[in-house]
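What follows is a pair of complexes built around subunit A, which joins subunit B in one and subunit C in the other.
== the complex of A and B ==
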């Protein structure tokens, strides 16, 4: 009896040990991924002007410095406006393009979808160079429209891609069903197609926002002294004055992204739509 | 068989209630030059349950899609109450459609699904709610109004699809194999429900299916389709008892086909064997095609026909060897090898002799169905028609003739 009752215990302990062993590498990966962010957030609370870690004292002085600096505020406003413009543009164009590329039946569809996704395959710095030459001629360097176009170009393929995935999963008989119930094409698109493409559109919008917020290579070449986006200003600040204000800005950006993601996840029930 | 639908289509002009509701004339459709639909004439009566029955690829779905407006025909006309529908887009046709995969909107509740067509028609809220409840009650699902389609079983989803299609009170309800995704028991239940619903509402239903049992049990009339054409249009009993073509005889009820040369005394020579066909006389030497239903074939043990072994009304017609037998629950299924390449299927209540035993078979004179033009009496009459039939026969003989009783046993 004693033997049989003890026998199952040792495999159970083994299984537990195995589970812990499986968790360890996963935990290590997470630590590796999150450590830089944690270090950055902690450094931003440093009370001295050195960018050392661990911080020598805690204070919010660098946040105050950043939020009272005209330069940073201008950059924040510019990046905010850009995110809104870029998300609106790329979601509109990307949704129509992604849906059309999946559902449409026209010659050259394959070539077109390849072209639409091409910017994903090209190194950003090359796109940046091309845009610089191109915008120079058009007088778009160092302007808001120039940055808007440039960011949209870089972000658009993400939206097209995610919408295409949703469109491929969309059952065409649903649209036929709407038609048999009397809905015209526009109504069907608005009441059936769009709601069902929503996961892809939202994912695309998040990608577009993050791309626009974090884009450095293209922005650095296309922007100028009047149009310095937040990441470009961080980049140049790090080169000249390495103080915790940069860490404070980065932490603010990070918080903004987290808030957006949480909001998207909360207010749209992905699981139900999927 | 182009002549049969025409005859059947014109006949209902006499009785008053059977006015044509949908008229299909010379309808042709195809993809990339290939013609998949070629319907000379099909007239659907008001308030009838018409099944479009055929194997996959016979054009039945294309016909339904043409009715719904999903497929633009390359020629011909569809009229609904005398109005030409050919150029009317789907959303203005006012037809209800129930899809095989239900096609419920996953992002809406059951009630919103049913209300969709009413919202499109700008029906006021109070009336809309009333009609949604009424439609859901019709299919017995009013307590599920707030659920999402995913939370319902397949049968319930299909009922919601029916309720949604009926909520707009369409004059015609098209059903595209609506029961084929359900399990056997549910399918039988839904069959009864659908038929009851149709009779209660008096609505015209066009039901596409490949399941002959479904078509037989539901329909007022069945249009049997093959190769894009309507082979026969008639009531279930007509289609079963007097199949117009060999295809219809085989597709519905899997009839045994006996193809051979006739003789004046009613003998049929098939594969070198002489059989008593049961008919009084056949034209001497002329090619004859006969069909006998497996359930009409009577078996008696022993190769020598013993007249007493056969029930009244039937007589021994020939003998063979049992090549295969199986118990299917409600009956026995047996295959009798009559000669090299000639076999006969029988369904009998009694256990047939063991495999390899000799057996004699028979049937009554009324059990023999004489099939169409192959009697050879009017070869020149309808050249195009015969050409089409021949092409079909050739293809069938070579390939998909598993159902045929005249199969060559493996060497």
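== the complex of A and C ==
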């Protein structure tokens, strides 16, 4: 890099070398990002019970073990139910709020926007302690409704933020045109506004789904033996046992997230709203 | 507390007014029709926000207030909360090095992680913003987003596998003859920082990519045609113009890094002196909720102070750059 700075009008070869030198760090960062995920996926194929990497032999036996284990199946079902509940809740109230916060013209809008995104700014352990203490009083610890509310709280700001991005790009004259053409408030919202907010809503749904699917920081405290989600079961398994079955579950969880992303990416350009 | 609390009071009244009053509207006191319409629209605008406000009041504001109340409770010898109020928990947080050193350690680690995320995120974001539409761009994008979509436990576990006694890193080090036998890498501070940076990095890359993608290419070309080399153009044009992205990335990463506890716990073990982990162990193994509350609220205040200091710093830097 120092060479190119000393010779600004360097010949083409040197410039190309400089460009390669500039891209190398980027390549290293991309490898860094993917390395632990790739390592997990590969070690889940280990044929022995050690988590050595590279794997000492290839087999799918750990997947079979996981898929025939009652504990893991119960967790998979719980996580699946939670994802559906959390996405439905956060997308419904988050879309309304994201749109209302951008479009509304009411006193205290700034304060409310701040409140809506505030959970992102608060360290997760505080939210976890707050909900644990609160839920203990309400009898919601180790229950499905408790996890549903906790996941919704963590996922909500993401939905609001992506919907706000879409709402900011929405042209108000389109809604006014619908109103002029005789559509009522509800009809305008359903047939004009919602379709235009779709990219933000779908991106928010993806975020809500993967947040719920991967949430541990709060769940680790408010869940219990009857409500162990997949990531919480991984969390305790990693602390006490190290065998490739956990790697297999992790790989399945990654695949689930990728599937959610791919499914939604078919309907919208995901990178647009990030 | 008082400011957000006014919202749901407005909300329900507006809702009932909307049902009963309907199109006739209730604001009789207004002189002009336009003013009435605007005001009605204004109050009605609160309607869609109401569910979220109620939700956040019930599940975010109230629990935080209750944690605050909890932190003011004295406890008996068994850690059982007593009646009355005192600052004894905060005194413990500030005087017992077990807690106070964890706070400083968390602050230092979060700053280090933030700096590393911006430094590492920059080249990645630069590549992502310069990549042309197509397969390469999609692949790079997937590389950035897929860790974000993967659970923190899974990513941390990946590092556990990599750095474990018979993991790849130890094998390479032993294979190269740098180590005689596998070392205990997992509990080291280095590995904790590496894994926390890995968890946070996408949060820095995405806003940086947006900022870098928004820079008009003609500005770089103008700089080059005026005689600046690529390096000088990078420092004098690209970096200053990407400052908003750096600011967003840093202010997102810093608070997340301040409270992180899952990753350090899995990778570094429960004895890592980080405030988030101390709160967790106070809750789960000591059952001393009041001191956990005091420690976590001190951590929150420190986080908010840090975020606003970062914001001020970036504003100052930006103002200096733009004259």
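By definition in this document, the second predicted complex is superposed on the first by the 243 of 274 C-alpha atoms of A that agree within 3 Å, B and C clash if a C-alpha of one lies under 4 Å from a C-alpha of the other, contacts with A are read in each partner's own complex, and residues count from 1 in each chain.
Rule of thumb we're sticking to: contacts are C-beta pairs under 8 Å (C-beta built on N, C-alpha and C of every residue); 3 or more make two chains touch, one makes a residue touch a chain.
Just so it is clear, the model here is predicted, and its values are computed rather than measured.
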Touched partner set for A:222, first subunit B, second subunit C, both or neither: neither
Touched partner set for A:164, first subunit B, second subunit C, both or neither: neither
Touching partner for A:115 - first (subunit B), second (subunit C), both, neither: second
Touched partner set for A:239, first subunit B, second subunit C, both or neither: second
Touched partner set for A:248, first subunit B, second subunit C, both or neither: neither
Which of subunit B and subunit C A:184 touches, first, second, both or neither: first
Which superposed partner A:22 touches (first subunit B, second subunit C, both, neither): second
Contact breadth on subunit A, by residue count: subunit C or subunit B: C
Subunit B versus subunit C as contact partner of A:66, first or second or both or neither: neither
Residue numbers on subunit C that touch subunit A, as the complex places them: 3-4, 6-7, 10, 38, 41-43, 45-49, 51-53, 55-56, 59-64, 66-67, 70, 120-121, 123-124, 126-127, 140-141, 143-162, 164, 166-168, 171, 195, 198, 201-202, 206, 210, 227-232, 252, 255-256, 258-262, 265-266, 276, 279-280, 283-284, 289, 292-293, 296-297, 299-300, 303-304, 307
Subunit B residues within the subunit A interface of the complex: 68-70, 89-97, 99, 101, 103-107, 116-117, 120-121, 148, 164-165, 168
Subunit A residues within the subunit C interface of the complex: 1, 4-5, 7-8, 15, 18, 22-23, 25-27, 29-30, 32-37, 39-40, 43, 50-54, 92-94, 96-97, 99-101, 103-108, 111-112, 115-116, 118-134, 149-150, 152-153, 156, 160, 206, 210, 213-217, 220-221, 231, 234-235, 238-239, 242, 246-247, 250, 253-254, 257-258, 260-261, 270-271, 274
Subunit A to subunit B touching residues, read off their complex: 171, 173-174, 176-184, 187-188, 191-192, 195-196, 272-273
